[in-house]
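Two complexes follow with chain A in common, the first pairing it with chain B and the second with chain C.
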Partner chain A sequence: MNFLPLWRYQNQLIDGAIVTLELTVISAVCGLLIGVAGAVALKGRITPLRWLVRSYIELFRNTPSLIQIFIIFFVLPTFGLKLPAFESAAVALSLYFGAYSVEIIRSGLDSIPRSQVEAGQCLGLSGWQVFRHIVLPPALRNAYPAVTSQFVLLLLGTSLASQVAADELFHVAGFIESRTYRSFEVYAVICVVYFAMAMAFKALFAIIAAAAFRWPRRR
Partner chain B sequence: MALVEIRDVHKTFGKVEVLKGVSLDVREGEIVTIIGRSGSGKSTLLRCINALESVDSGEIRVEGRHVHAKMPDLKQFRQRVGIVFQAFNLFPHLKVERNITLAPLLTGRIGKSGARALAEDVLTRVGLADKIDAWPEQLSGGQQQRVAIARCLAMAPHLMLFDEVTSALDPELVGEVLKVMEAMAKQGMTMILVTHEMGFARNVANRIVFMHQGRVWEQGPPAKLFANPETPELASFIASAK
Partner chain C sequence: MRSFTLIDLVSLFAALRWTVALVVLALAFGAPLALGLALGRISRFSGLRWGMAALIQTIQSVPLLGLLFFFYFGMPVFLGIQVPAIIAVTVAYTLYTAAFLGEIWRGGLDAVKQAQWEAGACLGLSAWQQFRHIIAPQALRLSLPPTVGFLVQLIKGTSLASILGFVELARAGQVVSAATFQPLLTYALVAALYFALCLPLTLWSRSLEARLDGSR
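So, the complex of A and B:
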């Protein structure tokens, strides 16, 4: 076992980790926006829209993420839409994360009793005001644990982007391995890096939760 | 002209006709208490008055205006009609102050600078000025219900509806809520209550409305109704409520 040959690749490893973080955060933010919009659509009255969102969820939750990335990277160019590797992966992972987020946020919204909505309506608030100020904050709190564990799965899943040669951590590891022939050492190192990033995010999420959800839980 | 005019209202849930032609007038400043067994339609009637439920036929007018779920100024209408629920329905994620000021701020009734003073004012009226920075979850049921009343008062309603507001409370907490309601009654607020509190109905209300099987079965001043019920249904209800 010899980790020394990896030392000169430390900058590449750091860059790879940064790309992984970028890919994760961009996909998570876009995916969450899809999640909120999709959940609202699922609860809405427009039947074709509900049907569309439902199909989207089933499609992305029941097919391999790797194939989703491939389709966007390899197949869309034949229809004239050519995206670079990173962007393709970001779009695919956003849609993947979004599909799970819709269901998570919908169940968060469903956890808010109808009586809360009525209380808001009876005070003369509009539908949007009731949603934004009364339903959404507690719904997000209820959905939060599921969203954060899905986020960690997304972080680990970004390694799939290596297959279209996006310069994220796993791809960098493959490159270093091909140069040094130190497979175990390289993958041990990035394993530790993934683990450290996941744990760091968990700590960050706990801090965010403590700041954002300050009201006491129902007894 | 009566403040609230209810004319031959019918309402069906699925196959069950809950309201079978209810008519009722409530004048300004009047305290009307609706009593009756569960399932007699009293809560449904109350919820129809601010369009939480739609009526199948008949008509409800408040301040002369036809009330229904699609009225163009439903939001403005609801700002003038306060409703307090059995389960308080405070917003758990907002402190007491914000529970009270959310709607006045969002509807433009007050500006940011006046919010704290408004909350202090209405909390003083329900005797909870010291709880302005508490979370709802930190309050007893009676205190939560008084905050819910204060939240309505902050909208300066013309009419208050109370839907079994003491039914979920421990017996020793009922009194503090009734006291607040009694004070509101003395100040001339028009109030319609659905309640099982016969003492309150007897002592504070101007009129008792007894509902039975989806109809107004009997109504009149409390003294007369409790002493000399005309129908056997009311007589048996009073006997069982004692």
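So, the complex of A and C:
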């Protein structure tokens, strides 16, 4: 075991980690937007739209992320839509994260009892005020743990983008391996980097939760 | 270049065997280990609790792809001998399964009220009897829906073995796609096969969850 040959590739590792973070954040933001739109559609009255969102969720949650990335990258070009590797992975991961987000956001909204909404209306609050002050804060708190753990899974899942040669961390690992032939050492280091990033996000999310959701829980 | 024939379809179905085999291997070794981790997490000894928690956290904070490569290249380094790829892959999937199932089952065990253990103790049951006859049945019922849900994750996760060259469903898809130049048809079929495996489990998990909700 010899980790020294890896030392001179630290710039590549940092670049790879940055691309991984970019891919994660872009996919998370787009995925959450899909999630909000999907949850609104599921709550809405348009039956075909609800049906469409349901099929989307089942389709993307019951097939491997890797295959989804392959389909975006290898199959869309046959329809004349050729996306570069990073963009393909971002689209695929956004759709994957979105499918999970819809369910998380919907169940967060559903966790607020109907009686609380009615209580708000009795106090003379408008529809928006009821949503903003009564439904949203506890719904956010209820959905928060699921969203953050899904985010960490997304961070780890971006490693699949290496399979279409997007320049993220895992792809960088392959590059360094091909230069140094230190396969085990490279992947051990890569695992540690992912671990550190995942832990940093978990800590950050815990701090945000402690600051944002301070009001007491009802028992 | 050749067209997509019946043989390609058969080779995709044949590759399903490896997908199923990997799932079975992961569960066969991972589930007992998961039970150990879950019991360690609720143990009286704080050192054991912390150690198990750290182990679970670590495995859950590394990509599955990273675990696979770590053990694929690491097993010869650890053991000093070359091992067949299947062993390295099995070790990685076992640890992955153990960490996630262990945490799910720990949640199930925690959800059963402490008073139930005490009630068992009051009846003169040994610790093992309390677990076996009072806690485990209730915890099992509570953790069955997420356990089935994880099974879906595991099936999807076996697609990563393709990257190490295992000819399971995802890899067979790549091979057929490259040979026939029909990525659309091939990957649609591969996705449909995964979907056919996973959807029944997803629906089952959901119905179990609904049943649990109604009984509360």
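FYI, the second predicted complex is superposed on the first by the 209 of 219 C-alpha atoms of A that agree within 3 Å, B and C clash if a C-alpha of one lies under 4 Å from a C-alpha of the other, contacts with A are read in each partner's own complex, and residues count from 1 in each chain.
We take it that a contact is a pair of C-beta atoms (placed from the backbone, for glycine too) under 8 Å apart; a residue touches a chain by one contact, two chains touch by 3 or more.
The shown structure was predicted, so the numbers you read here are calculated from the model rather than taken from an experiment.
A.B. asks: Using the superposition on chain A described above, determine whether A:217 touches chain B (first), chain C (second), both, or neither.
C.D. replies: So A:217 only meets chain B here.
A.B. asks: Looking at the overlay, does A:183 come into contact with chain B only (first), chain C only (second), both, or neither?
C.D. replies: second
A.B. asks: Does chain C touch more residues of chain A than chain B does, or is it the other way round?
C.D. replies: Looking at chain A, the partner in contact with more of its residues is C.
A.B. asks: Classify the contacts of A:59 with the two partner chains as first (chain B alone), second (chain C alone), both, or neither.
C.D. replies: So A:59 only meets chain C here.
A.B. asks: Pick one for A:138: touches chain B only (first), chain C only (second), both, or neither.
C.D. replies: Only chain B; A:138 stays clear of chain C.
A.B. asks: Does chain B (first) or chain C (second) touch A:126, or do both, or does neither?
C.D. replies: first
A.B. asks: Could you tell me if A:16 is touching chain B, chain C, both of them or neither one (first, second, both, neither)?
C.D. replies: neither
A.B. asks: Touch check for A:31: first (chain B), second (chain C), both, or neither?
C.D. replies: Neither chain B nor chain C is touched by A:31.
A.B. asks: So in the complex, the part of chain A that touches chain B is made up of which residues?
C.D. replies: Checking each residue of chain A against chain B gives 115-116, 118-126, 129, 133-134, 137-138, 141, 213, 215-219.
A.B. asks: Could you list, by residue number, the parts of chain A that touch chain C in their complex?
C.D. replies: Against chain C, chain A makes touches at 1, 58-59, 61-68, 70-71, 74-75, 78, 152, 156-157, 159-160, 162-163, 170, 173, 183-184, 187-188, 190-191, 194-195, 198-199, 202.
A.B. asks: In the complex formed with chain A, which residues of chain C make contact?
C.D. replies: Going through chain C, the ones touching chain A are 58, 60-67, 69-70, 73-74, 76-77, 152, 156-157, 159-160, 162-163, 170, 173-174, 177, 183-184, 187-188, 190-191, 194-195, 198-199, 202.
A.B. asks: Considering the complex alone, what residue numbers of chain B touch chain A?
C.D. replies: 50, 52, 75-79, 81-83, 85, 87, 89-95, 102-103, 106-107, 135, 137-138, 151-152, 155
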